[in-house]
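Per-chain residue numbering starts at 1, and chain names A, B, C, D and E are given in the order in which the chains are listed.
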Amino acid sequence: MLTFTLRRLMFAIPTLLFISLLIFLLVDLAPGSPMSQIPLTVPPDVRLKIMEAMGVNEPVFVRYFLWLKQFFVVEPLVLWDHWFGTSYSDGMQRIVSWQSRSPVMDIIVERMPQTLTVIGTSYVLGVMIALPIGIYSAYRQYSWFDQIGTFIAMIGFSVPTFFTGLVLILVFAVNLQWFPSIYDTSLRVTDWDSFLAQARQMAMPVMVLALFNAAQISRYMRSSMLENLGADYVRTARAKGLSERIVVLKHVVRNSMIPVVTVIALGIPSIFGGAIITEQVFRVNGLGALLIGAIQGSDLPTVQTLTFIFAVLIVLFNLIADILYGMLDPRIRYD
Amino acid sequence: MLDAKPSVKLVTKLVEVKDLKMYFPIHTGLFRRHTGDVKAVDGINFDIYQGETLGLVGESGCGKSTVGRALLRLYELTAGSVTIEGEDIATLEPEALRKKRPMMQMVFQDPQACLNPRMTVAQIVSEPLDEHTDWSADQKLAKVYELMDAVGLNRVFANRYPHAFSGGQRQRIGIARALALNPKFIVCDEPIAALDVSIQAQVVNLLEDLQEKLGLTYLFISHDLSMVRHIADRVAVMYLGRIAEISPREPLYADPLHPYAKALLSAVPDPDPSREATRQRIILKGDVPSPSNPPKGCNFCTRCPEVIPICREVKPELAEVRPGRFVACHLVPAQNNNAAGSTSGTTVQKHNQQGEPEQ
Amino acid sequence: ERGADGNVKVLYSQAVSIMNAYLSSGTKDVEVGSIVLEPLAGFDEVGTMFPRLVTELPSLENGGIAEDLTSVTWKITPGLLWSDGTAFTADDVVFTAAYCMDPAGGCAQLAKYEGVQSVEAIDPLTVKVTFTGPKPNPLVAFVGAESPILQKAQFANCTGAAAPTCTEANFNPIGTGPFMVTDFKVNDSVEFVANPNYRDPAKPNFATLSVKGGGDAASAARAVMETGEFDYAWNTQINPELQAAMAAGGKGQFVTGFGTLVERIEMNMTDPSPDLPEGERSTAMHPHPILSDVNVRKALSMAIDRSLLVEVGYGASGRPTCNLVPAPAIYASPNTDCIAQDMDGAKALLDAAGWVVGADGVREKDGKRFKLLYQTSVNPVRQDFQALIKGWWNELGVEVELKTIDSGIFFGGDPGSPDTFQKFYADVEMYANNFPGTDPEPYIVAYTCDKAPKPESQWQGENINRFCDPVFDELAAKLITTKGEAERAAIVIRMNEMLTKDTYTIVPLVDRGRLSAHSNTLGGVVLNVWDSEMHNVQDWFRIK
Amino acid sequence: MTDTAPLAKPRSQWADVWVQFKTHKGALVGLFVFVSLVLFVSVGPLIWAKDPTFINPDGATMIRTRNKPPSLEWPLGTDQLGRDMLARMMKGGQVSIAVGLTAMVISITLGTFVGVIAGYFKRLDNVLMRVTDLFLALPLLPLLLVMAMLFRDPLSKAFGTEGGTFLLIVVAIGLTSWMQAARVVRGEVLALKEREFVLAARSIGTPSRRMILRHILPNVMSPIMVAATLGIANAIITESALSFLGLGFPPDFPTWGRLLFDGAEYIQQFPERVIWPGVAISLTVLSVNYIGDGLRDALDPRIRGR
Amino acid sequence: MPDGAKPVLDVRGLQTVFRTRGGDVHAVNSVSFHLEPGELLGVVGESGSGKSVTMMSLIGLLPMPPAEVREGEVLLGDMDILKISPAQLRDVRGRRIGFVFQDPMTSLNPVYNIGNQVMEPLRRHMGMNKAQAYTRAVELMELVGIPDPERRLKDYPHQFSGGMRQRVMIAIALACDPEVLIADEPTTALDVTIQAQIIELVKELRTKLGMAIVWITHDLGVIAGIADRVIVMYAGQVVEQAPVKELFANPQHPYTRALLKTIPSVTGERETRLKVIEGQPPILGAAPTACPFAPRCGHAFDRCGAENPIRRALGAGRVGYGHDVACHWDASKGAAHA
């Protein structure tokens, strides 16, 4: 297992480097410039000067290698300094956003909490809803419960989140006034009241995303359960006189989880990627909103850094999914 | 019988297998270094004569299928040579190999799995014709019908899908496919294992009829020893990638020489309660060792009831211990030393194919 | 009383990315920055300049402006303190100029300091700005929210190439304004508290202020007008039906103000045909095969019903206009002859110009079809305008193909992209533009021949239509040296009419007002389109 | 089983599929709904011959006819510019369904191709799977923008604006959504490769190309069908997202996605305007999904064989 | 009762139907048999003849739907286990009736270790705590001949060979000392040498524990070696029942006879040509109105196509005890049965 992990990690490095180069070239080639957010009233010569100061006009490979150095040398050093109070990174140029002129990593760190709480909660909630629904739908295949579950899941797939978000706002924020329509990122949970406030402001975005995630995962769980419910070992378990609850929850679910766990693990990078539309609708302003804003503003350092981190996460969770697979299923061993 | 009725004509070797090795590599570690092998077939020698049926028996996982597949070069051999009609299959170029394929065919173990569920019988049977002839559609169809008649399938079934057939019928489709290009040599890899007793007999009879009619040569792989006794002229007993014994049928069944062959034969239940009650069985203890890590010396030494110290040290070679009987065992001393290691040194006489006495 | 009214919440549909207007000229950054950083003088809601950190405005009368227009002297109000308690001095003003004029700094407001030769501190409370030559409109630097004063002590190490590294200072500048930053989240939210050292001890009325950013205009308006979560929403441009519905809700109200922002159609005077080799498309080398004819352009303008456009797209926050410079009043041409739609007249004009209706209803001339590509940025109102105008032009016998481009690309000016508004690879395009402050000079002189975007200048340039008239160029040269408001206004009006009414090079459509919303419990809001909308946050109060 | 059934006339595989398909109620309803939708958008405009982009050039009339609720004259009402919603729904459906189907075909073809090659040729497996990772990691927006920038004009020149845009959109969607299908197909092929009938074909001497076409592809149809049904939904929604980036069709060109997005602005005053396209998209996705369910069952020999 | 003690298991007129889309499938048709204490009953018949379905109907292991036990009673002692509640039935399964399935490769849950699976019935039925169950599991493993049980209990099924897995299955079935052990083709998937090991093991355990066993197989050789009594099934029905020696010596039903003839043996005369049973097994559909073997039967006459024969005893005794057969033709007379 260890060598398998190491091997995969080793192969991941060239892959990731290549991906990073491609992302860089792609974002650089993409039309749009960091000037698009600047009003037309700013004259062209001033624009050119601003671009120059940002370093936009350097040749692309110079910028790429500078980014590489910043990402792999400077930023880790900054982190080191931060933890151990040293000052190795003094005077080194960090990756700086063209839009806000602040280090991209700081922005990412700043955005992490709301992304993790909102998107993370919705993912966890989605999974928690999806699993029982999937299990029960499969156990009672073609029952009313199953049919309705299928129907709702399909709706969950097909209705875009901007639409569900809007409907929720109109119902719960405008008409019922239960929940705020705008997420307050500076809210700190210190007591029961602020906890309630936090719960209320998370309610709607979490609902929207949980519906979407649950729809997908419940389908996987259902089909996996269906496959395993007919397996021979289930019959063996019944022949031992075990109760249905134990047969299903102990024997079938654990086996059915094997493929589903990898699906769930592979979905986790998308938490960090953020749910772009939902974040915008409710102004959660997490990483997804950061990325989309950066892309619209052609903020190359931010886009590059964020997408590269996502790429790392994708590769990493691919690996984690494989390892989980190996751990859950004793038949698979990676050596 | 072999001795009783010596053949008048000198029989020719169709297939010559020399020191065949088939290893499946195991790669481990950070750099996927080649650290070991599954020695599925570990250096075996035998010949198959024109028109005979060689039975290949042994327990599950001992490498029977691997031998069968290697013979048709469905695997790239690790070492050794397989000469069929004077041409070494192991070294043929892909195109030459493709040209050679019509003369050697295979019938598979699982009649369900070896037929593409989305092709009709006609499509399945004519696939070899599509590949190796440039006949018109009508010619092919005519040949397909002819083949279906030959294996006893109603022509009406030509447009059906495999799922609509019983196991025995499916196996006939597989046989028809194998016959399409008029092969000389057919590897039958457990063709009856998945079938019902009553249907096994139908398939075996069919194979025998075809052999008689077309002069085919079979390698008949099975672990059903009673069926092998019925169909094979000579039988090879394999254990853990090596051949333990090759003998003509009757002497083997009457008097197995290798301890493993003895155990194997004694384990076959007899459908006669009175005989079954009195029969003495040799029950082997323990499990088959892993083919990736076979024991030193004789590979049967871990389970052999008659094991002696030398077995654990020295690998016994296959040697002719009685006329036509080859055994790899230290306990069975060779009578004729110069024949050690190979069957090629002696002229094994073919037992009469047609003249099986009608007792 | 300072801080008595608790918290006020402001919503910007574009999020704030930096508080330092010199590093980003995005309107939202400038406006939110103005809560902390102040210029020496600002504009009020009618566009009149007034002193903020100085005792009086420099003028020829009080000697603040030199007779020869080559220098300005500012007198700083005594006793002013930065929010950290240190004294505000002339050095800070001098430093600010140096900060922005540093060639390596990439200052976004460099245009404000154009023509400035030097800035010096005469004494701690007197600053003198010297220009390279006579400057008819000298009160530009240090005036308006775009050119606020930075604290020297805080930014001393942040000049030139080091400017972007001072994240802390850029996010949390020390200022003289009514509030100070306590928490800054990039592109998300900013938290403020009242500045204890603010010059008016009774203000601001609110103890804290929060600015949240992101989302779209409709939901921003909703947060004020329907759910009441916010007190003020900036730039809530939504369709008139929704405006009406929300206004009826009773939780808040919309406020409108008109500035200089004009939605217009620009006619391409050069040939954008894709058949031309790259580098010759939309350049002066090839005049436009159809639109070069002034009557054709006029007919296209006459076919448009501007009132209807306003009604569909803007409601109360827009009004039809025929001018490129709609305000301030003295600069605005009285021309209104484009307001009434005249379809028949337009058809007659085209007939006269030789464009006759062909078999399929599309006009032709010399075997050439009257077909236009009409592009604009992605925006629901613009798409409605496109559809409406296309309908009218179809009625005229003109075939119209529509195209929309993401605004990031359209306005991005990337010379590599074919879709920027400067490249203008279309026959007509629509967008809005305005000018900062009250002086239209830089805005109007941009239409001289040499300012046309072309490959040699990396497609930079503000003369989007590639309009070229020597008479206009002469007027432009004259304007730059003319002093006296009335004389300048006459020239501007003339130039404006040359571009619009005389040649229909630019077809103005709508004078777009600013539409913002505030809740009924927020008092003291005065919408100011000439300066920051936050120009008087210190006066805001809670209506109880 | 069928062995002793009276000797029926030989049926083609598709006839069998249809027989099995018919027993799946959901699939039949889905098929009916989908065919109705296709008829609605294709035959509908012939019956309801209003121009979906027609705006009354007379301002006064236009103002009077905007934002109308459903009535006899405008069965689905009118939009904010007085355009007939019924005509727009039909026209929009043509584009959405065409884009959905074509983009799905492209993404499935690509995904199947990559999946089959990766699964079948062991040497290419690692490379292709890393390419799949790469596509998963690439930021889609810049990718689409670059594609539009590079290919929009040449395509428009070659196929006209609409044709060019259509091609660009379907290719863009196809290129960015094949990864899931590729992963699924690869897994399936890996398993299929071990099946004995593939070995049987090899013993006959069938070369790789024909092996894939004859033996592998027909047997990965079931997972492909599933991916296909999800693909249509994805493509219809992605198309609408593209038009907001200005990468889609010209703005006066209605599509369901765009109608839904435009209608969202008016949801409070005229909710029907979002309901029409919303229901249409959901119905399409639902019906295609049920059809896919039915097809998957019908194509599965284990089920069909029962 | 004329023959022996009171049966431990008595099955009467069992009928099981599968409701499928293509109509009902009558997989088991009025099957009756009984099992005496300490007896080993062999059940033979070709694939699809309803052997497994019969046994699984007894303890409700068939998926319902589509399966449905229409009629019959199954007396375990004095209790009709078809009529008891699901909870009571669960107390019977594993506790009083142990079950060994056909395919050892898939019958164990791959994700739990062997120990866990062996201990499960012990804890469920015997109320043992973990430690007790563990001790017992070790004993059981030793009983079925698995060396080094302490270590092997921690292993997972895939680490066991087929034969060892089947031993584990047997250990699980024996865990609670059931009165009845039902072994459904326990050796079909195994090699001859391993099969011999398992048969040897069961014989040994039977003498040691004295339970009644039902042994399903289609290998007559195995039956000959271990069974006391045999029932032959064809198309969901019992066509013949007899003590093992009697059956081999004096088969009555044409199917049994044909079956016995098809098997080649390793000893004795080698046939030049194998005998076959011509034709195909019937398709199970509606309840049979004719003898299902009639189409393949050499002795069939018109009555066979019109009436499904019921089991009749040969000689003295009654059906189910001694020798009985379901056939219109009387082999001993060589003529139709009266």
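As a working rule, a residue touches a chain if its C-beta (ideal position, glycine included) is under 8 Å from a C-beta of that chain, and two chains touch if they have at least 3 such contacts.
By chain, UniProt protein names: A, D = Peptide/nickel transport system permease protein; B = Oligopeptide transport system ATP-binding protein.
Because the structure is a prediction, the values reported are computed rather than measured.
Colleague: Please give the intersection of the contact partners of subunit A with those of subunit C.
Modeller: Common neighbours, subunit A/subunit C: D.
Colleague: Which of the two pairs, B-D or B-E, is linked by more C-beta contacts?
Modeller: B-E
Colleague: Compute the distance, rounded to whole Å, between the mean C-alpha positions of subunit B and subunit E.
Modeller: Each chain reduced to its C-alpha mean, subunit B and subunit E end up 33 Å apart.
Colleague: Between subunit B and subunit C, what is the separation of their C-alpha centroids in Å?
Modeller: 88
Colleague: How far is the middle of subunit C from the middle of subunit D, if each middle is the mean of its Cα atoms, in Å?
Modeller: 44
Colleague: If you average the CA atoms of subunit A and of subunit D, how many Å lie between those two points?
Modeller: So the centroids are 26 Å from each other.
Colleague: Touching two or more other chains, which residues of subunit D qualify?
Modeller: Expected reply: 1, 3, 145, 149, 268.
Colleague: Could you pull out the residues of subunit B that touch at least 2 other chains?
Modeller: Residues 166.
Colleague: What parts of subunit A, by residue number, touch at least two of the other chains?
Modeller: Residues 29, 31-32, 295 of subunit A each touch two or more of the other chains.
Colleague: In their shared complex, at which residues does subunit D touch subunit C?
Modeller: Interface residues on subunit D, with respect to subunit C: 53-57, 59, 62-63, 66-67, 80-81, 83, 145, 149, 153, 157, 161, 243-247, 250-252, 262, 265-266, 268-269.
Colleague: Over in the complex, which subunit C residues touch subunit A? Could you list them?
Modeller: Those residues of subunit C that touch subunit A are 11, 15, 17-18, 23-27, 103-111, 161, 163-165, 167, 170-171, 183, 185-189, 191, 210, 212-216, 219, 222-223, 226-227, 229-230, 406-414, 416-420, 431, 433-436, 442-443, 446, 457-458, 460-462.
Colleague: Under the stated contact criterion, what part of subunit E meets subunit B in this complex?
Modeller: 46-47, 161-164, 190-197, 199-200, 218-225, 244-245, 248, 258-260, 262-277, 280-281
Colleague: Touching residues of subunit A toward subunit E in the complex: what are they?
Modeller: Within the complex, subunit A touches subunit E at residues 230-233, 235-243, 251, 254-255, 258, 328-331.
Colleague: Quick check: in the complex, which residue numbers of subunit E touch subunit A?
Modeller: Touch residues, subunit E against subunit A: 56, 59, 61, 63, 87, 90-95, 98-99, 101, 103, 106-113, 120-121, 124-125, 156, 158, 169, 172-173.
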